[in-house]
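Letters are used for the chains, namely A, B, C and D, taken in the order the chains are written, and counting of residues starts over at 1 for each.
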Amino acid sequence: MEFKSKDFTDSRRVLKIRKLKVGLTGRPNAAPVLNEIDLDIRAGETHCLVGESGSGKSVTSLAVMGLLPKDALEIQGGLIDLEGVEITYAKPSVMRALRARRIAMIFQEPMTALNPVLRVGEQIEEVLNMHTDLSQAEAKKRTLDMMEQVHLPDVDRIYQAFPHQLSGGQRQRIMIAMALILDPDLLIADEPTTALDVTTQLQILRLIAEMQERHGTAVLFITHDMGVVAEIADTVSVMQKGRIVERAPIRDLLTNPQEDYTKKLLMAVPNLAPRAARAPATAKDVIIVKGLDMTYGGGGFLRRSEGVKAARDVNFTIKPGRTLGIVGESGSGKSTVARCIMRLIDPTAGKVSVAGTEIAQLSRRQLQPYRKHLQIVFQDPYRSLNPRWTVARSLCEGPINFGTSKEEAMDKAAELMELVDLPRDALDRYPHQFSGGQRQRIAIARAVAMKPDLLVADEAVSALDVSVQAQVLDLLDDIQDKFGVAMLFITHDLRVAAQICDEVLVMQKGLVVEHGPADEVLSNPRHDYTRTLIEAAPGRHWDFANFRAMERVPALKGATA
Amino acid sequence: QQDTSTITAVMHSGLRVLDPVITTAHITRDHGYMIYDVLTAVDADFKPQPQMASWEISEDGLTYTFTLRDGLLFHDGAPVTGADVVASLSRWGKRDSGGQLIFDVTASLEAPDDKTIVWTLTKPFAPLLDVISKQSAVPPFIMPARVAATSSDETITEYVGSGPFVFNEAEYEPGVSVTYDKFDGYVPRDEPASWMAGGKVVNVDKVVWTTMPDALTALNALSAGEIDYLEQVQIDLMPILSGNPDVTVEKRDELGYVTIGRPNFLHPPFDNKLIRQAAMAALDQESMLATMQGDPEYYNVCGAIFGCSTPLGDESGSETLTGGADPEKSKALLEEAGYDGTPIVLMAPTDVISLINQPVVAAQALREGGFTVDLQTMDWQSVVQRRAQQSPVTEGGWNMFFTNWMVPEVSDPLINVMVNGRGNDAWFGWPTDEEIEALRADFVAAPDAATQKEVAVKIQEHVMDNVNYIMMGEYIIPQARRNTIQNMIPSPVPVFWNMTKEAE
Amino acid sequence: MTEIPTSRHSAFQVLTGLFSLPAGARIGIGPMIAAVILLIIVLASVLAPLYVPYNPLSMDALSRLKPPSEAHWLGTDPYGRDTFSRVMTGGRVSLLIGVGAAVVSVAVGLMIGLVAGFFRAADGVIMRIMDSLMAIPAILLAIALVALNGPSLSSVIIAITVPEVPRVVRLVRSVVLSAREEPYVEAAIALGSSMPKILIQHLMPNTFAPLIVQGTYICASAILIEAILSFLGAGVSTEIPTWGNIMAEGRTYFQIKPGLIFWPGLMLSLCILAINLLGDTARDLLDPRMKKREG
Amino acid sequence: MFLYILKRVLATIPVMVIVAIFVFLLLRLTPGDPAAILAGDAATPAQLERIRERLGLNDPLLTQFITWMGQLLRGDLGTSLLSNTSVAGMLADRLGPTINIALMTIVISVVMAVPMGVIAAWRHRTWVDFLVMSFSVLGFSVPVFVIGYILIQIFAIDLRWVPVQGYKSPADGFGAFFSRAILPSLTLATIYIALIARMTRASMLEVLGEDYIRTARAKGVRENVVLFRHALRNAAVPILTIIGTGFALLISGVVVTESVFNIPGIGRLTVDAILARDYPVIQAMILLTAGIYVFVNLLVDISYSFFDPRIRY
């Protein structure tokens, strides 16, 4: 496997961080969130920041942007220097001048980071309007062009769409377009590709690389995907509990990690080789989906626009204890299918039966008893948690609805927190006080607490570092074994899919293009799209767990390459 | 405002009803004097004088012959004829209580020709000229016969008169403003104007009445010269105008108003004369008037039910009212009557400025005199409706309310509705009082003024003893004008003839 | 309503959830002062009969409209009644009406608004009824109510509340219309929460901030409207002092004796200021995202 | 959307019918007797009875209602019991002043209050915030007539910039209209400024902590754009509601201000008509108000989905 190996010591230093300390506002004695961080990034360099979920990666990037939530977090020491400008305590006007032109950021959670009431096109265009003299028409053209570059389909529609009308990956690409459109000197990308399928991800990574080539942009890239790290990083910093525990050029890190934590992390990276399918269960299907169609109605003031056909003729069944993975293009309708079978939206056509009952036509009220059988982990966990509720209250809500006593539910919640590797005291905190990955774990805990018959997990582990991810996947496996939970697992991470799915369903443009047992589909894809997908999987030539290249690249049967 | 041909006046209330015969509202009467004329009118000495017509009375006092003067024209150009007069008087006779009394004894009312009207009675009615000349409640305005043909229970819809001003229908906004144009065809009499009599010479082209619901705003508008004339000024607010050299505050006329309280004779406790007397003892004119008016200059402690400065006025028997409250006497009387503390319901209207204070003051005075008082506030409409209820207090009835009259409206036993003692046919409160009815008959029958006065004194004494109503005193509301307005004649009714407006 | 909360626990949770403060929330000095002011005013009003120097109803026609003096600290009114005694006593009825009207209209409006905002099917019908209610003038209603019930505090409160409720409903509904599209509401549905629970526990807290504003406004305006009603003959007797009454009675004397308006106005403003400050604090405390350091 | 509007417009009919029935009954429940006010103080019961008969007030309620409905269906609002003038004409005369002043008031209020509220939220818990709060407390608790009198004293009496009172329609010249409408509008605006400013502040506070505000700042967007474009739009819905209900209220007339400034508007007409029990006028008035409310509320509801695309009906 080829690693990037360019030496940047002569390049201009774009970002310099020294002994940066960030703590809770007004509580200098509490444990700091960032503890004496040092970081250097030079022009053209890609610096990857990896590490434990909740270790302070996002906080680091926000500190650089000068966007820490000042009511909650504050800089308590140290220095941030951007191309010679000390910005640690810079005035808002100074920061404003720097942002977008000089430093741009892609935020971790695109759903909450996009303004829900502005058209996404306008939101991108605004950057141009603010910082360039382009005319209205030129700005729009640039915007559409940028949207094409991040591989958004159907840009005219999406330009006009509001964030809630887009898929997770589409929103993420809007964020990316926004950050890249002005060729900043420093790009901070906080898990920019979690919601993207690997092919799109590849294209985005290329786009960033091109920009670096063209403009010498320094990139701070935060990710959990070791495959991506392996592909793009020049240097890597590993974070744990608010400290940077190890920093090394990519090759050194992957081949010769020094710290235990780094080793642990690398060893947890799952293998691309599919797991052996479990013995086919004989029990009745938990869920049967037949001919599911979903078209989002186009509003339109006077005449109805055509609408978006998000899912077409989707069929599948899942038996107890088994996992069906859905992979596929971003925007291909995966979340739509999930939301349809949860009856959070009403499918335009088709049948969904759960526990032997047809639920596609039931009213909300009639549905209520079935809710217990079905649970979902949303793609955007942050928004799916009531911001005014403590985690404890969110976790107890479901069980209490179905008759568990409050005390019992609380005990259960505490237990679950441990299982998803969150501290017990987190129960009394509010969603905004957590990191992205922590929120995702809360969402998982909440769904699992219901002991459903069918668990729908929409990108449920995308924001987790690989070691926690492994732990959570184990947890899921466990409850599957114990309670025979059936699982619908939507993911872009083919490694994860390979790890836990019995069957895989591949979607593209609303259609199911391939459907079969996991090892069949992943190692012997029949459809072209599946094949490109697998080939695009980053870092599939590296065997992370053993700190070396793959001995035998899992060749695709019948592959031409 | 340099427009000297238009006078803008703020009147005491908005004009809504345009039929001066159907209603007794003062603003409508004022409107009547603008556009209509009357046969005869009283002058400042309470003497009937010819206005549209002169008269002759037959020896036996049974035939009155009126002759219309020349040049009388309606606003539509038609001459005023005897037939118009007959029709107008007949309609008025159905509405006005004095008029009814005359028509009760009328043999015929005819117009033998265009200029002559002959009114024949079955028995003499000495006060006839006084009644048809009266300036208030409902004066007999003369309208075209076709308008006067309207039923007396229905409002007229055509507003044509023969008075000095023409009603400008296009600019009329009910309750907001009304505009009168000078009637060029009006021929005034030659005598100088005196009260409602004499020559009505109009010196401006236009008079605009507007309503200003806010007293302070009206004063400010007058100060700023946006209006010329303010019919009524609240006494307490006079200091605001006192510094302004361009404005004069004055009394328009010395007679003014009376304010009275009326008990309900039908139900306890006021069906008991002793308790009525107790109430009278508890009340005191001075404190009520002082509260209403503030400045003694503008009120007059007066125990005469027919008014202190009128020919029939006499104050006999009113000492407890004029001499200050006597709560002890009240308590003693209550004791004697065996008053059991049943609350008396006092109706207190809150939307008519001139009636707000009385019940509140009275309630407190009655309490001090040993009564239990239930002061119920409501809008005037509710008072109007409720005072017509004869049912017991517990079923929506009442015990006492207050109202005001212009002195000329109470100045003799025929006009004064409160001395009517005919039970259910009497005015609200419904006293059945044969004694007073007998006295009233004597009054009509009295041959001369001296005898009339004698009877009037008896009525006064009777009312004070029997407490048919409680006279709470006289008061005057001053007017204010910019000094550009000159030559106003003193009169109980605000009239706009004779008046001139000069440039500032 | 579709269902009542499924168990007593959820009812319990409603209470604890709504009123427990986020950890670490502390109350600053401003709200403390506000609370003290409010408490003083309320106590002063309630206990007024015990300490005011005059019977607020007793008149003295000869000392009308007197300036402040030893005998009458704040002077006298047009009836010669003691202004100080009236202002202090006036708080009793005014506060009752103000707070009563605010609480009733907010409570009723909140319930209706939640339902209208959340259930599409109910929205049309409820909102059209609200449109109709809004058009009924308070005065007319008050006159009718007084005719039916006799004059009473509750008639006044109802007359003020009825036209106010639709406005609260519209406000609540508008907030719910946005909030019901939030994913956490979907999540709650997916967790099997009953409709009442979603309405009360998830959606209702979103309406608190605007409701506090609307509520204080209703409180103040009810105190003022009460006076208008009583002067149109549909309120409490004009004799009984209320802040609104005293001010309305003082209206004509504005230029010659502004104290008649100033003192009750001051009391009212102080109350509203205090309620506002407390409301703001409550809202900050209820919103964990607003948790602030001590300032 | 079109369907929705159509549905709403059609829904006006039942609203009107409900209002009509309700008002009709309510009026007949209120004590009072138009005949008595028509005839004045000295009328005898027999006379009143005859007048009532003539006015049709003695007919059975149902007959009266049907007669009225029949008139309405023919587009006839009837005539005033007192002045005998056509109710439609009266309303037409009074609507102009009210609408013009309401519009001016709401424009002034929004233009002043929204920035005030936004800044107060932005500078949460600073003196700016406290200033806005104090102003709104005054706006809430000072009776409108006091504000009116003070404005008159300053601008009409002391400075002599504008007349004390009165109304001129814009057709008589904008200057004449403006000089008379500005003080009443300002008077009314104080309370709406207070209300809208506080609502804006409250609503903005909910929004300012959101992540997309952070995103906007990360884009280097100027602070005023962050506040007014990004935050305010999200905070708009409750503010719009308040503006809508406020405007509806203004349109239905505000009697105190109309009295203080002597404006011949709907508010005074309503109160006068109620106090005089002029049934046809009250009924028509309230129907008109209901119609206006339905219309204004429809506009507000449509504007919701314009400001917040997630709102669907």
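Methods note: a residue touches a chain if its C-beta (ideal position, glycine included) is under 8 Å from a C-beta of that chain, and two chains touch if they have at least 3 such contacts.
Chains and their UniProt names: A = ABC transporter; C = Peptide ABC transporter permease; D = Peptide ABC transporter.
Keep in mind that this is a model prediction, so the values were computed, not measured.
Which two chains touch most often is answered by the contact tally, and the pair is C-D. Centre to centre, using the average C-alpha position, chain A and chain B are separated by 89 Å. For the pair chain B and chain D, the distance between C-alpha centroids works out to 39 Å.
Centroids built from CA atoms put chain D at 21 Å from chain C. The mean-CA centres of chain A and chain C are about 47 angstrom from one another, to the nearest whole unit. Residues of chain C in contact with two or more other chains: 143, 147, 181, 232, 251, 254-255, 287, 289-290, 292.
Multi-chain contact residues, meaning those touching two or more other chains, occur in chain A at positions 71, 164, 432.
Each of the following residues of chain B touches two or more other chains: 216, 351, 378-380, 382.
Chains touching one another form the pairs A-C, A-D, B-C, B-D, C-D. Partner chain D is touched in their complex by these residues of chain C: 120, 123-124, 127-129, 131-132, 134-137, 139-141, 143-144, 147-148, 166-167, 170-171, 174-175, 177-178, 181, 206, 209-210, 212-214, 216-217, 220-221, 223-224, 227-228, 232, 244, 247-248, 251, 254-255, 261, 265, 268-269, 271-273, 276-277, 280, 283, 287, 289-290, 292, 295. Residue ranges of chain D in contact with chain C, taken from their complex: 7, 11, 14-15, 18-19, 22-23, 26-27, 29-32, 125, 133-134, 136-138, 140-143, 145-146, 149, 153, 191, 194-195, 198-199, 202-203, 205-206, 209, 237-238, 240-242, 244-245, 248-249, 252, 255-256, 270-271, 274-275, 282, 286-287, 289-290, 293-294, 297, 300, 304, 308, 310-311, 313.
Listed in rising order, the residues of chain D touching chain B in the complex are 30-33, 36-45, 47-48, 50-51, 53-54, 80, 82-85, 90, 93, 145, 149, 152, 156-157, 160, 163-166, 259-262, 264, 268-269, 272, 275-277.
Across the complex, chain D is touched by residues 14, 16-18, 22-25, 28, 95, 97, 137, 151, 153-155, 157, 172-177, 210, 212-214, 216-217, 220-221, 223-224, 226, 351, 378-382, 384-386, 388, 403, 405, 417, 424-425, 427 of chain B. Put simply, chain A touches chain C in their complex at residues 25-26, 71-72, 111, 164, 342, 344, 364-365, 368-369, 371-372, 374-376, 378, 380, 383-390, 393, 397-398, 400-403, 405-406, 428-430, 432, 446, 450.
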